[in-house]
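Notes for the one structure printed next.
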Amino acid sequence: MEEMKKELADVIRAYHQKGWSPATSTNYSFRLDENPQVIIVSKSGIDKSVFSAADFMEVDLLGKALPAYEGIRASAETLIHCKLYQLFPEMRCIVHSHSIYSVLQSMTNQNEVELSGYEVLKGFEGIKTHDTTAQVPIFDNTQDMPAFAEVLEREKNRLTVPAFIMRQHGTYAWGRNLFEAKRHLETAEYLFEVDWKYKGY
Amino acid sequence: MEEMKKELADVIRAYHQKGWSPATSTNYSFRLDENPQVIIVSKSGIDKSVFSAADFMEVDLLGKALPAYEGIRASAETLIHCKLYQLFPEMRCIVHSHSIYSVLQSMTNQNEVELSGYEVLKGFEGIKTHDTTAQVPIFDNTQDMPAFAEVLEREKNRLTVPAFIMRQHGTYAWGRNLFEAKRHLETAEYLFEVDWKYKGY
Amino acid sequence: MEEMKKELADVIRAYHQKGWSPATSTNYSFRLDENPQVIIVSKSGIDKSVFSAADFMEVDLLGKALPAYEGIRASAETLIHCKLYQLFPEMRCIVHSHSIYSVLQSMTNQNEVELSGYEVLKGFEGIKTHDTTAQVPIFDNTQDMPAFAEVLEREKNRLTVPAFIMRQHGTYAWGRNLFEAKRHLETAEYLFEVDWKYKGY
Amino acid sequence: MEEMKKELADVIRAYHQKGWSPATSTNYSFRLDENPQVIIVSKSGIDKSVFSAADFMEVDLLGKALPAYEGIRASAETLIHCKLYQLFPEMRCIVHSHSIYSVLQSMTNQNEVELSGYEVLKGFEGIKTHDTTAQVPIFDNTQDMPAFAEVLEREKNRLTVPAFIMRQHGTYAWGRNLFEAKRHLETAEYLFEVDWKYKGY
């Protein structure tokens, strides 16, 4: 577990360098195959430029802090992680960004970002050719996390790629391990940027 | 105090890397709870790519160098720091940027940058939801710092978030500690960029 | 060979930092003068942020893994490398990017990117003055690599500079050594960006 | 001299990181007060991502290699350095960039880039207020360096700030030491970028 914390913390700092998490924003989590009932999630309010392995805490599948972490605040958005792990039981890692191009896409598209013909679409698990169209769904932002978790459950069929956008907020992506979650987020963010620049041409 | 100098110097170099302080531009300060009568401020004319803990000096609340630092030039803008600490006595740290998007926003907006609906607005202390509008005020630039300090005092009621823009110059932000000042500046700069790109779409 | 693997791995990670290879995308190769029958090529599916000298494998000129690497998957695009080494026998290194500006250029130009009057054109081997026009050809993307290799052979006369674009995919560039291949790719990417921004003005 | 070589080499690599010198492009020089008859200039054809103190050579005021460096090629543009040191005898350091915004400005302006009202204008030696207008002259690019040196001499009166642009090529800036030359180049590049983005709004 310590190795995995260190690896994810390295990724978190690298993403901060890209501008994906100004100051304390965004949150991340993983689960281990040995004990998928426990979610290891980033603590709330940590500056992502200095995030370290010590800045994780453990919660149960409902987002409640385990006894060893009682009194420490998990991000309010922990409930999003809980719901995603419930909807996709094989998933082991969830990553998040507040990237500028994700936000911009959500301000000029209503329901989804439609992406066609890009080679990098193959970065999404299951896509084998550029000659396809993927839809990354956009959900309205809210501060009511239980309500948002319900939206995710109700509209699960829109999650046809392993990523979605919260409007004017950012991107969530997930995978069966950190490697895959990372690939999915980087794929989404790359496509949001190139597609935004193309449409603004 | 040495620890705090080192931490702020690290932030200054990281902000230079982002392009927020070409060459010797920008200035920064902090105060310690033990002795808030003393402002520890960046010396004038230091290249921010190599700014170190040794590049701070101490001034009093009127901006006058303490005896140990007599003859060393503080930035002319030290008076802005003095006035902000006077207006907001609980503040302990002030940071500054010459970011391109701050300058651009000030060239296309007259009195303020109005920011609505962004999740990252919650980076400003006191804002608890994206479903709000914040105004970051813009003041005309001047080389007459006493006059500018008076403007800040007279228009204090416009400082509804912990940041403002000097036109074609850059952003000032502050907080009760470095952590908070940093969060406020990064929040403002992120929002200026995304909002600029959205409006130019 | 170990030295060369290390050098190219360093370049691969630096290019990842530039955003040219989100997650596991892109591929790279080199050959040694001592044994140009062997192509040392990046293994498939490696995250480019952590690519190391251990992440290369060896294939023959038809792209078949050498016995020591049997069972390890080379990138499907290895066939592009094989064809380029066949068409340009003096070449020793091939580099690739999925840069955003390469993709954008290929979405707004049909057959080629035409670049005129830039000093940096001299980065392409054989060009001695800015006062010239170069055409970087664009080929349609495909997942059928044998077919694409045939296209390259048939249209070799369009390869008047040591680089081409695959549409909505990225740039390939090559040289007589890593130093030259690197120069050609960086030259192409720089020109694609400046030219894109100029045309969008 | 070794210390100064190391410092300038550090700056060269940092500027490469900013994208100001793709591959082997750009060139740099300095002179020492002890012996201003000797120009220490970057060797031709060195990849700027790995430029080190060993990659300088020495030439006389006409650009001829000193005996210890005979047979090593200085950049053709060394003659520009020679002419600038002749025109401004107090200058000790010249830096250069191929930045994208310098090139873009030169493609949309004929004779000069006019910059008004920016605080960062104060980065140019002698400018004390933002409330001014500076003109950075643009000269047509050429491969005929003796001819270009004559143009510089003939039009010296246009060099009212310590920087100029060669069209579709890049920026030269200079100063009485590395610190000042660096400040002048970073000032120019920052202003070119913000001004370009403002005009394209």
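Should a chain be cited, it is by its letter among A, B, C and D, assigned in written order, with residues numbered from 1 in that chain.
FYI, a contact is a pair of C-beta atoms (placed from the backbone, for glycine too) under 8 Å apart; a residue touches a chain by one contact, two chains touch by 3 or more.
Predicted model, so just to flag it, every value in this text is computed and none were measured.
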- Task: Quick one: compare the interface residues of chain A with those of chain B and tell me same or different, with half as the dividing line.
- Result: different
- Task: With chain centres defined as mean CA positions, report which chain is farthest from chain B.
- Result: C
- Item | Between chain A and chain D, centroid-to-centroid distance (C-alpha), Å | 44
- Item | Distance from chain C to chain A - Cα centre to Cα centre, in angstrom | 31
- Where chain B touches two or more other chains at once, by residue number: 200
- Graph of touching chains, which shape: line, ring, star, complete, other? ring
- Message: For this structure, enumerate the chain pairs that meet the touch criterion.
- Response: A-B, A-C, B-D, C-D
- Message: Under the definition above, what is the set of chain B residues touching chain A in their complex?
- Response: 14, 117-120, 122-123, 128-131, 179, 182-183, 186-187, 189-190, 193-194, 197-198, 200-201
- Message: Give the list of chain D residues in touch with chain C in this complex.
- Response: 19, 22-25, 47, 49, 98, 100, 103-104, 107-108, 141, 143, 166, 168-170, 200
